[in-house]
């Protein structure tokens, strides 16, 4: 029996519904090596790792651990085979200390505060972690939490460690520390799989690199015999021509301008740092970047849902920093935000399509009592009555607040959206939660478009949608573009972005790596920028993302930039 | 004064049973508003247990009576706790609604059961004899030890049992792996699940054992504090005590050890009105109000100060469905 | 490829079922509970009048005379008003468990006006003041927890629960303050009573009934057709979406709880001004809690809630008659029956929301469709097998514990489930439901047997 491999996957496939997440994947992990798993977003890396750690179960294929065929049916099953995974989202209990989190779980009934602290300290020291076992998780920084997660896995005796994008939340210094620890673990005989997007990290830490693209296994190379360029090519593949049209429009002056914006994430770390960019009317600006590099925070900050740490957001030259969504709307600024988590934020899942249609303008409903038209041969008294009545009704229409919602016109709007965007639904009164993903998105997008926004912010608008729905969404966005709106398109598929967007800005770690014209760039260039290997701003030595014809301070010079 | 403190302790332990039971339940992530009903069930079961081995028995054994009382109280209370656990854990019903239904059922059941089943002819004498002679039997000679003996040694067995249970609960919660896992279940069941803790098992065991402990509170009130005299409003009184026990959980910040002190304070406040001489009739309700107002203040202060250690278990009141994550 | 062992029971969320089907399940559950009670009571009562005599007494207690009927309507109206008050808060997922206290405060404020102003000022003026004071008192009692919830996220269910007792002792204080020599009870006040709208009980109850009808209609419209109602449902559904839409969640919480408390205060006004003319600590009749059950069972829909509160009052009034007729010395029997119905009702909800798949791999070989089917319908979440298994294993003995005898459930279940197996699995709803309800029934009966055994031993 060949026991050279700690882990071997043969012909693993997994599909979710009609989507093939992993297709016939073969992968080997040698004992005591660090294997980097590389791939774009949605290339199936995490799905594959979840199958090894017992969260998903493969549809087809075999898993061999130490040369023996194994069935891994649960996270506990994975632990029985000494496989441990550190997820991107930490699963820790805030009010417990580090040590308590680490020893948590069934079995091992000997428990004493001092005892577990010593045990944890001992393990931490063996691999060179710096950790105070008595520190509570809620007092910890992100990197400390990650340390706890890794120690949790080690404490339970894992020989095979899977780290899902461990560096995504770390600063470069913390990353360096993590790598030191990983090398110590490797020296201790552990086998490690690290998922990452960052090429320089791959080069720095791994022994071999396996590349996945669109659910398929592309190949595996020794790190020593490859370079970043070759890896990028493996990762992004050839450019695929998509039949997405990119209409040429007359572009306007900047509609939305972002200056030196910094925003914090929920965890309190800096998610967006010193960002500059602008959107003109009549263009689609794509935002490329690996998942979680600040896209969500950026959108929420612009929409007024997240506190801005510093910097400015200007809509047609007016600062909208610190405004609530309501205040932004009250200023007559039409801006729409299609959030990433559609059912969690943009829509009320248990309410009907009709009710969701009026989400943003239910407040605007006023009385609209029609005046009585004059009749021929009206008697003077009747005329007086009619005039008085009309005066009263027009006063009511103008002045009296209407307590009721207007479901009738909302229903009409719902019907319009359903018809125009081909929403598949039993009726307008169906709760949104019951619709399929594509239809949910159509409802949301349809509602936002009906408000005729001049800035449209869309976060992953085609995520989870099938091809036809996706094309319909591109179509809708193009129509908005033609109508003169500025569209911010946060996407994940580079092919789509290259075909659809006019310009693409690339974020890495919340920092701007550069803004490029979609026609003039290549997928490789974007890939390198996303991975942080290429920074156009530094390369060309000029500040990007600041419009020459800026409208900031034009008429409303609030920050003393009147003459600037 | 000594007698006052002694009384405060012997009344306070009723709260202590209810409070420790509810703490264990809440630590598993379940807010059991059925505690008042469950305590009533304990009283009903306890009376039945004592009746079975005293009424009509020529020479009843004290030890047996106490054991039967405790056993039946725990079984009755545990049964209602199990209904609650089944509905909220397995069937994932709303905890507040289920708890209130338990209270309504438990209080009604107890009132009915005591009047129609337990209190047949001659039983009340048997019960009060048992209460006086068995449940309140204390170490002989404590009368001679002055104030110390009066306050600390003059109590029946249930008082010491309550304190033992509270201490054991503290040890389990703070110093054992089981306690650690239980707290993890109450804080974040998904995390607990991921490390292989049997979430459902923990929830069931601690909801049911919490209910059984709370049931002893009902027994303690009837057989201990009231000396086995079953009044007609016993179910209403225990219900009031039950709500205060839930309040006490907040007051003591989910710590059984603090609950020992807290319950004695609540016991004092509760009996204060009837013990202070020289206050008028109308002031009694104002004194009775104090425990509740204090609880509200504690609730407000802990939420404003927002210290992580004084918050209720994070998943309290939410039912856990694995596929929702 | 060998598949891993599947769990015996797999639970998934089901597609929403049609209204009639869910209503059938609920009616079935209630009916089962009623029949169980009937059998139990008619078999064990000291002075039993038989199974049908039980239902006879039940109906005669509720509808027997005109007076009884009007009292039933009056109680229904009061309970419905409280339930409606709570429902506006519940729709927002604000757990107002303080109905009792808010009603009591309404009662107290009303009684105060009557005590201090009655006979001294013109009656209509006193009536107006009574109304305003009651509503204000209820609203204040509800808004205090709401403010703390809105600004500090203080746990509202515990807060409102405590407020109940503060209100109770305030009432006790004022009663003993006004009547220091008395027994703690307050004699009915003779001044400033609201007028009777007719003769007999009908006249005394009519005002309450009318108010209840008006309030039901208004709340129904408020929740369904107004902007406020829309905001409330939005916050209840998703606080994030509400914020996205620019709603001030704090403001809505406070505003809604003022309404909730005001309605409870209104009930207090009716209780004191029109019905009792005095105040006591038990005047709330536990309606704050019963109202929660009514709101929950009525799915937060005012119209269904009206039916439920009628049914609950029918039961409790009918059971009182049953107790007298069957020779029970305590009237608490009605609480047991109502409590049992709550349990069944709450329990059956599970089978409306979730779907239970039974897996018979052991008996039927590998190509068992049941599991894989449910797997494909869910987005591939069926892989969590190991722990699911533990879960089901755990719940089975616990059920047994509850029932006292697990044998009956264990032996029954395979048979029933095999039937499901044979009947189309795709359309599993009715059969599955039947089995589930039946299983529940078994459990309950065995529990009952247990209880009866305990009684017989006696």
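Note that the chains are named A, B and C in the order they appear, and that numbering of residues resets to 1 at the start of each chain.
Following the convention adopted for this analysis, a residue touches a chain if its C-beta (ideal position, glycine included) is under 8 Å from a C-beta of that chain, and two chains touch if they have at least 3 such contacts.
Everything quoted here is computed from the prediction, not taken from an experiment.
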Give the chain pair, either B-C or A-C, that is connected by more C-beta contacts.
B-C
Point out which chain occupies the most central position, where each centre is the mean of Cα atoms.
C
For chain A paired with chain B, centre-to-centre distance based on mean C-alpha positions, whole Å
49
Chain centre separation in whole Å, for chain C relative to chain A (CA means):
42
Centroid distance [mean C-alpha coordinates] between chain C and chain B, Å
25
Numbers and ranges of chain A residues touching at least 2 other chains:
76
Residues touching two or more other chains, restricted to chain C: which are they?
384, 387
Set of chain B residues in contact with two or more other chains:
196, 198
Given the complex, residues on chain A that touch chain C span 14-17, 54-57, 60-62, 71, 73-74, 76-77, 303, 305, 324-326, 329, 337, 339, 343-351, 355, 358-360, 362-363, 365, 402-405, 407, 431, 434
Which positions of chain A touch chain B when the two form their complex?
75-76, 79, 91-96, 100, 103-106, 108-113, 136, 138, 152
The chain B residues in contact with chain A across the complex are 175-178, 180-181, 183-184, 187-188, 190-192, 194-198, 308-309, 311, 314
Hey, which residues of chain C end up touching chain A in the complex?
1-2, 4-5, 15-16, 225-230, 233-234, 237-238, 240-248, 376, 379-380, 383-387
Given the complex with chain C, which residues does chain B contribute to the contact?
31, 33, 48, 52, 78-79, 82-83, 85-87, 89-94, 96-98, 100-112, 114-118, 120, 193, 196, 198-201, 204, 208, 235, 240, 243-244, 246-247, 250, 280-286, 288-289, 292-293, 295-296, 299-300, 303-304, 306, 312, 317, 321-323
